[in-house]
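Order of writing sets the labels: A, B, C and D. Residues in every chain begin at 1.
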Amino acid sequence: MKQLTLSKLNELFAAMAAQQQLYIPADKGGQAQFLPYVDGMELTKSLNTARSAKDLFFPQTEDIVGFQVQGTEITLEETRDPGAPFVVFGVRACDARSFDILDRVFLSDPVDTFYETRRANGTVVTLACTRPEETCFCGAFGIDPANPGGDVAAWMAGETLYLNANTEKGETLLSSLPLLSDCDDSAVGTVQAEIHAITEKLPLNKLDLTGFDGDHLMEHFNNPAWSKLSESCLGCGTCTFVCPTCQCYDVRDFDTGHGVRRFRCWDSCMYSDFTMMAHGTNRPTQKERFRQRFMHKLVYFPSNNDGIYGCVGCGRCLAKCPISMNIVKVAKTLGEGTK
Amino acid sequence: MQRIGVFVCWCGTNIAATVDVKAVAEALGKEPGVVFATDYQYMCSQAGQDMIRDAIKEHNLGGVVICSCSPRMHETTFRKTAEKAGLNPYMVEIANIREQCSWIHKDMPTATEKAVILGRAAIAKVHLNAPLTAGESPVTKRALVIGGGIAGIQTALDIADAGFPVDIVEKKPTIGGKMTQIDKTFPTLDCAACILTPKMVEAAQNENIRIFSYSEVDSVKGFVGNFHATIRRKARYVKEDVCTGCGLCTEKCPQKKVPNEFNLGLDNRRAIYIPFAQAVPKVATIDPNYCTMLKSGKCGVCAKVCTAGAIDYKQKDEFIEEDYGAIVVATGFNPIKLDRYDEYAYSQSPDVVTSLEFERLMNAAGPTAGTLLRPSDGEHPHTLVFVQCVGSRETRDCGKPYCSKICCMYTAKHAMLCREKYPDTEVYVFYIDVRTPGKNFDEFYRRAVEEYGVHYIKGMVGKVVPENGKLKVQASDLLSNEQIHIDADMVILAAAIEPDESARSIATMLTASMDTNDFFTEAHPKLRPVESPTAGIFLSGVCQGPKDIPETVAQAGAAASKVIGLLAKDHLMCNPCVAEANELMCNGCSSCEKVCPYGAITYSDKEFPGPNRTRVLRRVASVNPAVCQGCGACTVACPSGAMDLKGFSTSQIMAEVDAICK
Amino acid sequence: MQVNNEFKPTIVAFCCNWCSYAGADLSGTNRLNYPANVKIIRVPCSCRVNPMFILRAFQRGADGVIICGCHPGDCHYTTGNYYARRRMTLLFSMLDYLGIEKGRTRVEWVSAAEGAKFAATMNEFVETVTKLGENKRLEDLRCKN
Amino acid sequence: MQELIKAKAIELLENGTVDRVLGWKAGEFFYDLTPAVFTSREEIEKDFVYSVFSGANLSKYLVKESRKDGKVAAFLKPCDTYSFNQLLKEHRIWRDHVHVVGIACDGMCDMEKIRAYGAKGVLSVERDGDTLKLETLYGPMTMNKADAEAERCICCKSRKLVAYDEKIGEDGDVIENSGRFDMVAKLEAMTPDERYAFWQGELSKCIRCNACRDVCPACTCEKCVFDNPKSGIAQKAAVNSFEESMYHIIRAFHVASRCTDCGECSRVCPQNIPLHLLNRKFIKDINELYGEYQSGADLETRPPLMNFTQEDCEPSVVYERGGKQA
């Protein structure tokens, strides 16, 4: 375990940034987001970023390949960004878990090399949540905000930052930072206890997820409650795009006038044109689209992934859904049905 | 992707001198989809057209791009060529590399580069062209003529002679127009009334002609072949079908102080009046501005004296609705108001008159019974000064920039007639130029000078000052470069002519375009001079531009023949480039309907397949392709893009934008 | 502001078929010169011009967009240019509000008889846009070479 | 107020006036109300909530609801009734299937503002006149209701109900000088560079979730141009700053002279982009150039973009007015 007095936080950032690209959650435009560190940038006071840390590994859009067109000649063009090592600091436990979920999708066969490259390049420094919000329910998925994981886990206690490497990559990072000093983990234990005292009080943290498994798949799928739950869904992509685990994308071509840029961009299963096929769509109304999103997170994903849910309880969709419909309400309503 | 053929025209040297046509053909030949590209001296020639036709067949072309002159020039030509080769005519696009390239650029590389880009834009567009088929709409076999002057009468007579019913709408109580006020006509000096009044009677008696006198067109809706007009028959307070035209009422009416507009206010008429003896229809009209009965309810003399019982003080405006296939505008002209030409003392002295007033003073049916007398004192004038171009060819704001065309000739006529009838007069004509292009015109003018001794002086009159019963005329002689002072008894001003003030509102009603002087514009200044750009609207007489009587009659006949040609058809091919609503995307919000100038868009509730085999009822727009003229206002008003314009679709225009900007 | 003499802006001119396109033809007929970077797109009426087209042009590399139509009151379709006038006024105001240079967009009424005005307008517009330089604020880098 | 509304909802259901009731349903917290359709007394008694967090504008749901069989009762706040009128004007709502209950409103609160005020982990709130008493994970706190009010309510344009079959409570008047154009005017007074920087900063936050569009009562197209590959401008993501500008300019233009300024776009934006400032710019321009116009105020007046006068100003007015030059 290493430590650093918080007043020197910016020195730490500067030291990290000197080695490789550093991203920290900072305030911009009235909200927190992961930004490339520049001198003097302040760590946000917000609990979490508006968009998740997923963006750094799976950006909203990225070019896949290009075609140059001249007259009737077409040539292929490599547009892949080779990438460079980077550190992301201040990832919360929920977002850290989201990488496990994304890994299962993108790193299983066939491997998504774009994601793979970024994961290999990125070192994740997590930060324990000292002040969780009422919308937090990571506990329901077995996540401990006091033990945030990542390559390096960090805690803030009083005027001190504590860092602990969990992986080799994390070890390498910490050992390259001479301004850190060694320490024991007693202070961290205190902070963890304080955090647990708060998580005990979190109203949604004990969300009951019994019955959300492959065995009850059809039961959930055919639950008549879906109609009511989805009736006021606008069909926007807010929940999807703020979600740290949503990983659907579309591949599109952009005609530049000189050629074509083939790129991928996030897609949302809430959209009416999601996975549109020649015959149209197989989810004709918002009810089916809505059901898909929550079934995927709560039933399909765990039944195919050793019981790991496709949700990390970060609470972003709870805060951001325009009509305040969210996975907690869905889980509670469906859960009543299976009891 | 279409198989596209590109044809680059040299237009002789018009294009080839500044654009490297071979290079253009070569560059465009490499564009995606282009399977054939060539160049030729004159694409519009028979040989050029044959070349296109053969290429379409040989290379199985699905689209054709012609890089040539403006599409306004030869688009139709090339469309027909394509059609002959079995290709849909709307699969042709023109890249304008003459007017918009070779003619404005001097440098060959620049012009060539631009020509290639314009060609690319046309290729990009033609890729998205779809074969279009023109729809058909029926033709109402009746014509409307607005204006009952010689232009309107002649047009109506010619149309009626071909067997089609025609209605004349004249705002005055009688047809005849300006020609009724004219004494003699140049250059033959025959009597205007003698040649006009038989035509008026002929029109009145023709079974195919209906005359709505003292009427105005209130509104016109519809489109070529299918106009619907509302005609307002203004209350004349006399039953037209009962009045015998005996004229007793016009003698007994106690209201005698009404300025007689037929004589341009040079004398008075009664409140009930027949404009002149040969009026058609010969029916009395009560002037509501002066009739004591209508104004105060006290009088009723005319009703008492009318043995036929034709007077009806309670008459109201009547509205007639009628369908027409074609509309002829023959709204004529007026001399301009001279209140901004005070240097000629028109408002100060009654002896300064306009030429039209002078016509009345010379006319046997005029206020002086044909004897030329000074309006101020009724004395015989000895010295007369004619001033030409009063308000014509005027670069200042107060006048008209154009030549009124008829003034030179009628002034020569007036001067000649004056000298002939009254050899004791001295007649001076001040002119800028004397313009006499016309059959026997110059001979006529020379006669005035040489045989009748009219003094023609090149120069402008600077000022006319009424003084001691004389008009002191100060002028300059530009040839001798001298100042001239003439003590005249009368000054006659050749006032410019301008379109009738009703013309603008009629143009708006008909959606016909006008120039800045309010003359109607023709569809093509040389090749379609009697048609308005708005289909089904034809132009007759001075409403299109200044002209004399024979030209007016010729144009009237030409307009009539165009109308006859139109009415002879049972169906019309519609413009296929019209808006079309995609019902699947339309949400029925009515935005498009609100901006459509033709009322071409209607809505209906329709059932559509919904999700999960349901049926949903939706309000959707549909466009009547016969009514739509293809402006595209609706396409922008429509937020969803459900409304698109065939031939100028959103994707086509964007493709052109892309091709130009890349 | 420095004027780059090498810079040749790309200008898209939307011209209504009845007046302005004919006016452009007339300026050609009269051999009135204007820069070759002006490329004309024929539309039936100024009211056919969708704000999308204008943004599209900027995206694809245009540095200025001008819309020409019949003079108000002379629209071949009677009212088209009145709608265009309102739409473009509001759109241009919005672009200005977003900080995009005002000089890059323009509406001009050019009749079929105003060949000289067409050429003069284009000369003037090209000059204005050349001074403004390359369009940066509404560019799409993907469309650049 | 809530009790009156619930009683009315039950009454309308039970006396057969309507078959369904559109209102707001309670959530996990005090603030996360969801628009919902109620069909029984039990549902209403259990879950119907009308509070300062009933901000969602229900009028757009009527597009779908009014097309169903039977009649639906909708509880509309004053600003919602403007949207309702505008939708009627555009033939999007079947009026005879709707029973509108107008309800008075004195300003809605915005949870984002409460959080921005410094409240963390808020568990409950109690309104006491003009103050809000908050219970949080980290202890109690109080704040003025005014500080929690939504941006759109602070400069409310009208407290008048412009469409209703019956109303509960007394509505107010159109508010002159609401100050809703102040920020627009402030932006107009900036230099183009400052404005450009402002908008780039805001629009670059856009994640193209389409929430602004999907919630907007003026956006009721069967298929939006941005979802339609044939439109040529459809994109699923705001790939770069051009796409962001394009989307928001076109969207604002499409709703220009139809937007009632209900403010839903800004309320739902997960990135807190002040989208209403785009719409208000159009409204301000329309008011200044073509005369005062409030869409949704009535059913007859032609929207200014579907109207004209021969004397309208020329587009060059843009070059002459407003804003400092660079």
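Note that in this section a residue touches a chain if its C-beta (ideal position, glycine included) is under 8 Å from a C-beta of that chain, and two chains touch if they have at least 3 such contacts.
Predicted, not measured: the structure shown is a model, and the values here were computed from it.
Engineer: With centres defined from CA atoms, tell me which chain sits nearest the overall protein centre.
Structural biologist: It is chain C that sits nearest the middle.
Engineer: Could you see whether A-B or C-D has the larger number of C-beta contact pairs?
Structural biologist: Between C-D and A-B, contacts are more numerous in C-D.
Engineer: Chain A to chain B: how many Å between their CA centres?
Structural biologist: Chain A and chain B have C-alpha centres separated by 72 Å.
Engineer: State, to the nearest whole Å, the distance from the C-alpha centre of chain C to the C-alpha centre of chain D.
Structural biologist: Using C-alpha averages as centres, the distance is 36 Å.
Engineer: Roughly how far is chain B from chain D, going centre to centre by Cα mean, in whole Å?
Structural biologist: The computed centroid separation for chain B versus chain D comes out at 52 Å.
Engineer: Counting only Cα atoms for the centres, state how far chain A is from chain C in Å.
Structural biologist: That gives a centre separation of 46 Å.
Engineer: Touching two or more other chains, which residues of chain A qualify?
Structural biologist: 254, 256-258
Engineer: Which chain B residues reach two or more other chains?
Structural biologist: Where chain B meets two or more other chains at a single residue, that happens at 595, 637, 650, 654, 658, 661-662.
Engineer: Hey, what residues on chain D touch two or more of the other chains?
Structural biologist: If we look for residues of chain D contacting two or more partner chains, we find 225, 231-232, 239, 305-307.
Engineer: Should the pattern of chain-chain touching be classed as line, ring, star, complete or other?
Structural biologist: complete
Engineer: Tell me, which parts of chain C touch chain A in their complex?
Structural biologist: 60-61, 142-143, 145
Engineer: Quick check: in the complex, which residue numbers of chain B touch chain D?
Structural biologist: Going by the criterion above, the answer is residues 584-591, 594-595, 603, 616-619, 637, 639-642, 650-651, 654.
Engineer: Which residues, counting only chain C, touch chain B once they are in their complex?
Structural biologist: 10, 12, 17-18, 21-22, 24-29, 31-34, 36, 39-45, 47-53, 56-57, 60-62, 70, 73-80, 83, 87, 111-113, 119, 143
Engineer: Touching residues of chain D toward chain C in the complex: what are they?
Structural biologist: Per the stated touch rule, the residues are 184, 187-188, 192-200, 225, 231-233, 239-240, 242-243, 245-246, 249-250, 252-253, 256, 278, 281-282, 285-286, 289-290, 304-310, 312-319, 322-323, 326.
Engineer: For a test of understanding, state which residues of chain B touch chain A in their complex under the given definition.
Structural biologist: My answer: residues 30-32, 611-612, 658-659, 661-662.
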